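In what follows, chain A forms one complex with chain B and a second complex with chain C.
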Partner chain A sequence: PKEPVLMCRSNNYPKGFYCSWHLPSPTYIPNTFNITVMHGPRELVCEKDAFPKNRCHIRYHQLFSTVKYKVTLTVTNALGHTHTALIFREFTIIKPDPPENVVAKPVANNPRRLEVRWQNPSSWPDPESFPLKFFLRYRPLILDQWQHVELSDGTSHTITDAYAGKEYIIQVAAKDNDIGTWSDWSVAAHATPWMEEPKHLTTEAQAAETTTSGTSSFLPPPTTKNCDLEAVVGSGATALTWAAGLGLAAAGILFI
Partner chain B sequence: MLYVAGEISGDSWGIFAFLCAAFWNLPAVPALNSTEEVGAGQSIQKTYDLTRYLEHQLRTLAGTYLNYLGPPFNEPDFNPPRMTRAEMVPSATVDFELWRSLNDNARLAANYRAYTHLLCYLRGMDGQVAKAELRKNLGHFCTSLQGLVVSIASVMSSLGYPLPSPLGSADPTWARGPGATSPHNNFLKKMDDFWLLKELQTWLWRSAKDFNRLKKKVPPAAVMLRLEARDF
Partner chain C sequence: MLCRLWLLIRPLLLDKKYQVELSCCQHLGRLAGVMASAEQNPVTLHHHKLYNRTILLARKIHGDVASLLESYVEKQGLDRSICLDSVDGVPSAAAQPEGEMTAAERLGAGLQAYRAFQALLGEVLEEQRTHLTPLDTDFHASIRSVLLQVQALARQLEELLGCDRLAWEAAGPPALGGLSLFQMKLRGLKVLQELAHWAVRTVRDLHQVATHSPGSGPARGCQVQAE
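== the complex of A and B ==
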C-alpha cells in the first residue's frame, strides 16, 4: 500500500485529541491499520471510534506537557506494509470545530446594521476555562472582498457598515484564546439589512448613507411583506395589489 | 536593580547562587493604593498580557538559540528523552483534575516558583553564550521575565497571599563550573538548555490559562470597573 495520510487534531481541548487516516489511493484489497501513540516512554491507548472507522481518540491524563506525542500508523495488506508518523506537542494540534448556529438578522430602523449571533462549538468542552476567540468575515453577495473582524470575547457582533439593501453572507471561525489554530469557517449565514418602506425611499445611493442613529420617526414601521423583498421579486404571484406593485417597481430600481 | 543583563560570568557559581537566593528575598511589593480588589483585577490582566508578550518574544529567541546550539537541537522532529538533570527545571505538566482544582493561592504560587527558578536558570545560560547579539537578546528576555515575576508577586500581594518561601540555595547541579570542556558534558549542557527553553515555553502557555481562570475569579467590583472603562 502507498504511504497513508495521517492527521491528528484536538477539537475538544483539554479533554484529548483524535487521529484520523486514509490511504491516498485505493488498494482494492483488504487493509488493516495499526496505530500506536507514544508520549515519551509511555504508550497510550488510542480508542477506535465506531464511526468513522479510520479514526481513534486519546484522552489526556496530563496537561501542559513538554514531552512530544508520537503517533505511528502502519497499514498492512497481503502485498506488504507501509507506515507514517506524526510528532507533535500538545498545543500545536489544537483546532476547534467551527462555531455553530450562526444567525444574522437585520436591525429594525437601521439600514446599515446586521446583528450576528453564534454559539461555541459543542465539541469544545470547557469554554469557561479555555475561552475561544472569534473571527468574523462578511461581504455582500455581489462583491468578492471580505471584511474581517476579530472578537476576543462574546458570541455576538453587530456589523455597522453594511451596504443598505444588499444581501450579505457572514461566516465565523473560532480559536482558543491563546494556543492552536483557527477553526474552519462556519456554515454561512445570510441576511439583508433592514430597509425602509419603498414608497418612502429618498435618493439613497448604493454606498453610503452615513446614518448612524437610524431612527426615522416619520416612517411607519415596515410591514413584513416589504421586508421580504427577495420573496416579492421572486414570487410569481398573480394576486399583487397595486401598492405591492409599486413596491416591486421601487425594489427593481434598487437592485439595478 | 541588582541584575545587570549579560554581565554574569559563567564561572562564578557562588555569585550565581547568591543571586538566586537574593531573588527569593525580593522586597515585598507594596500593595496598590486603590481598593485591593481593583488592584488585583488590573494586575491579573497585566500579568496575563505579559505572559502573552513573553511567549511571543520567546518564539524568536528560542529559534535563534536552538540554531546556535546547532543540530539536532534545531531540528523540528528532535524528540529526546527527558534526562534526570533536566527534571530540575520545574515542570508545567500537571494532572488535569489537579490543575482545575487548584485554589488561587496555589495557582499563583506555582507560577511564581516556576518563573523564579526559570529566571535563575536562564541567567545561568546567559553567561555561556558566545555570541554577543544572542547574549543581549537573552538579557532582554530575562529582564522581561523578571517583570513577570514581579507582576505575579504583585497579584499575590494584593490578594493577601504570602510569597512562597525560598527553597534553599540554588541547586549546585545547575551551576556552570569553570572550564567544563569535555564534549560529553558539552552535549549535556546543550540538552539542559534545550529542555529549559521548552519548559519555559510550556509554562508561558500554561500561565495564560492560569491567569484566564484567575481573571474569572476576580471580585465583581474589579470586573465592573474594567467594563466601565471599556464602554467609554
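== the complex of A and C ==
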C-alpha cells in the first residue's frame, strides 16, 4: 500500500484528541491499520471508534506538557506494509469545531444593522476554563469581498455597516483564546437588513369605501412613521380634491 | 493538608538551591468563594479586578514568550524539535487533567514556579550577555521584559492568594559556571518552553477559580520552613 495520510486533532480540549487516516488510493484488497501513540516514553491507548472505522481517540493523561506526542500508523496487506508518523506538541493540534446555531436577524428601524448570535460548539467541553474567541465574516451576496470582525468574548455581534436592502451571508469561526488554531467556518446564516415598507397613496373614495366595509379601515402599518406619513398623504389628497373642485367651479362660472 | 501538599510538590518544582520560606497562603480556600461573588463588596470587587488583570498578564506572557521562542531558536542555531529531556531544574507545567489539587492550590504551585522562573530567566539573560549573544542588546531586552512580567505576575498571584512573603532567598548572583555553551542554550530553550505552558495553565486555573462554587471553608495557614 501507499503511505497513508494521517491527521490528529483536538476539538474537545482538554479531554483528549483523535487521529484519523486514509489511504491516498484504494488497494482493492483488505488492509489492516495499526496505530501507536507515544508521549515521551509512555505509550497511550488509542480507542478505536465504532464509526468511522478509520479513527481512534486518546484521552490526555497530562495537560500543559512540553513533551511531544508521536503517532505512528502502519498499514498492512497481502502485498506488504507501509507506515507514517506524526510528531506534535499538545497545543498545536487544538482546533475547535465551528460555532453552532448561527442566526442573523434584521434590527427594526435600522436599515444598516444585522444582529448575529451563535453558540459555542457543543464538543468544546469546558468553555469557562478555556474560553473561545470568535471571528465573524460577512458580505452581501452581490459582492465577493468579506468584512471581518474578531471578537474576544460573547456570542453575539451587531453588524452596523450593512448595505440597506441587500441580503447578507454571515459565518463565524472559533479559537481558544491562547492556544491552537481557528475552526472551520460555521454553516452560513442569511439575513437582509430591515427596510422601510413602501408607501401607498389613497383617494377619498377609497378611504370612504374601506370605512364602510369593516372595522379594520385605515389600520396603520407597524411603524409609527409610516402611520404619520399616510395620514399626511391622505389629508393632502383630500385637499387636492377640494382645490380641483373649486377650480372647476370657478372655471364654470367664468364660462357662463 | 496544604502543608503536606506543599512538601510533596516542592521537590518536583524547585531545585534545592532555591530556598523559599513562605507563610502558607491563608486565603486559598476562600479565594474561590471570593471570585464567585465578585461584585458584592469593595474587597471582592478589588479581587475581581485583580483576577482579570492577572489573566491578561498571564496571556501577555504567553504571547511574548511564544515570540521570544521563535527568535531564541534562530539566534542559538537550535531546532525546536531538539530533545530537552536531559535539562534539569526547570519547573514542569505538566499536570494531571483531573488531579486532587483545587484550582487555587494549582495557582499556588504556579506562584512557586514563577519565583523559580525569575531566577532562571536571570541566569539565561546573564548567559546570553556574557557568553552566547553578547552584542545582541535587543534580544537581551526582550528576555528582560519577560523577566519583569514574570515578577509582576508573581506579585499579583501573591496578592490574589493573600500570601505573605516572609523571606525570599534565591541562590545569590547567577551561577555562570558548570554548563557548557550548548547546555546553556538547551536550558534557555526549556525555560522558555515551560514558562509558555505555565502561563497557559495559570490562565486556565484563574478561570476555574472564577467559576468555582464556594463550598469549603478557608484554608488554615501554616509555616513552611525551607531546608
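Please note the rule applied: the second predicted complex is superposed on the first by the 199 of 256 C-alpha atoms of A that agree within 3 Å, B and C clash if a C-alpha of one lies under 4 Å from a C-alpha of the other, contacts with A are read in each partner's own complex, and residues count from 1 in each chain.
The definition used in the following text is that contacts are C-beta pairs under 8 Å (C-beta built on N, C-alpha and C of every residue); 3 or more make two chains touch, one makes a residue touch a chain.
Keep in mind the model is a prediction, meaning the values are calculated, not measured.
Per the definitions stated earlier, placing chain B and chain C onto a shared chain A by superposition produces a clash between them. Of the two partner chains placed around the shared chain by superposition, neither chain B nor chain C is touched by A:N31.
Legend: residue contacts after superposition of the two complexes on their common chain; A:K70 is shown touching chain B, with no touch to chain C. After overlaying the two complexes on the shared chain, residue contacts for A:D178 are found with chain B and with chain C alike. Residue contacts after overlaying the shared chain place A:Q119 against neither chain B nor chain C. In the superposition on chain A, A:P131 makes contact with both chain B and chain C.
Contacts of A:T84 after superposition on the shared chain: neither chain B nor chain C is touched.
Annotation: chain A residues 14, 40, 60-68, 87, 91, 128-131, 177-179 touch chain B in one complex and chain C in the other.
Residue ranges of chain C in contact with chain A, taken from their complex: 59, 62-63, 81, 84-85, 92-97, 190, 193-194, 197-198, 200-201, 203-204, 207-208, 210-211. Only residues 14-15, 40, 59-68, 87, 91, 128-131, 177-179 of chain A touch chain C when the two sit together in their complex.
Remark: chain B residues 52, 55, 77, 79, 81-82, 91-96, 99-100, 195, 198-199, 201-203, 205-206, 208-209, 212-213, 216 touch chain A in the complex. On the chain A side of its complex with chain B, the touching residues are 14, 40-41, 60-68, 70, 87, 91, 128-131, 177-179.
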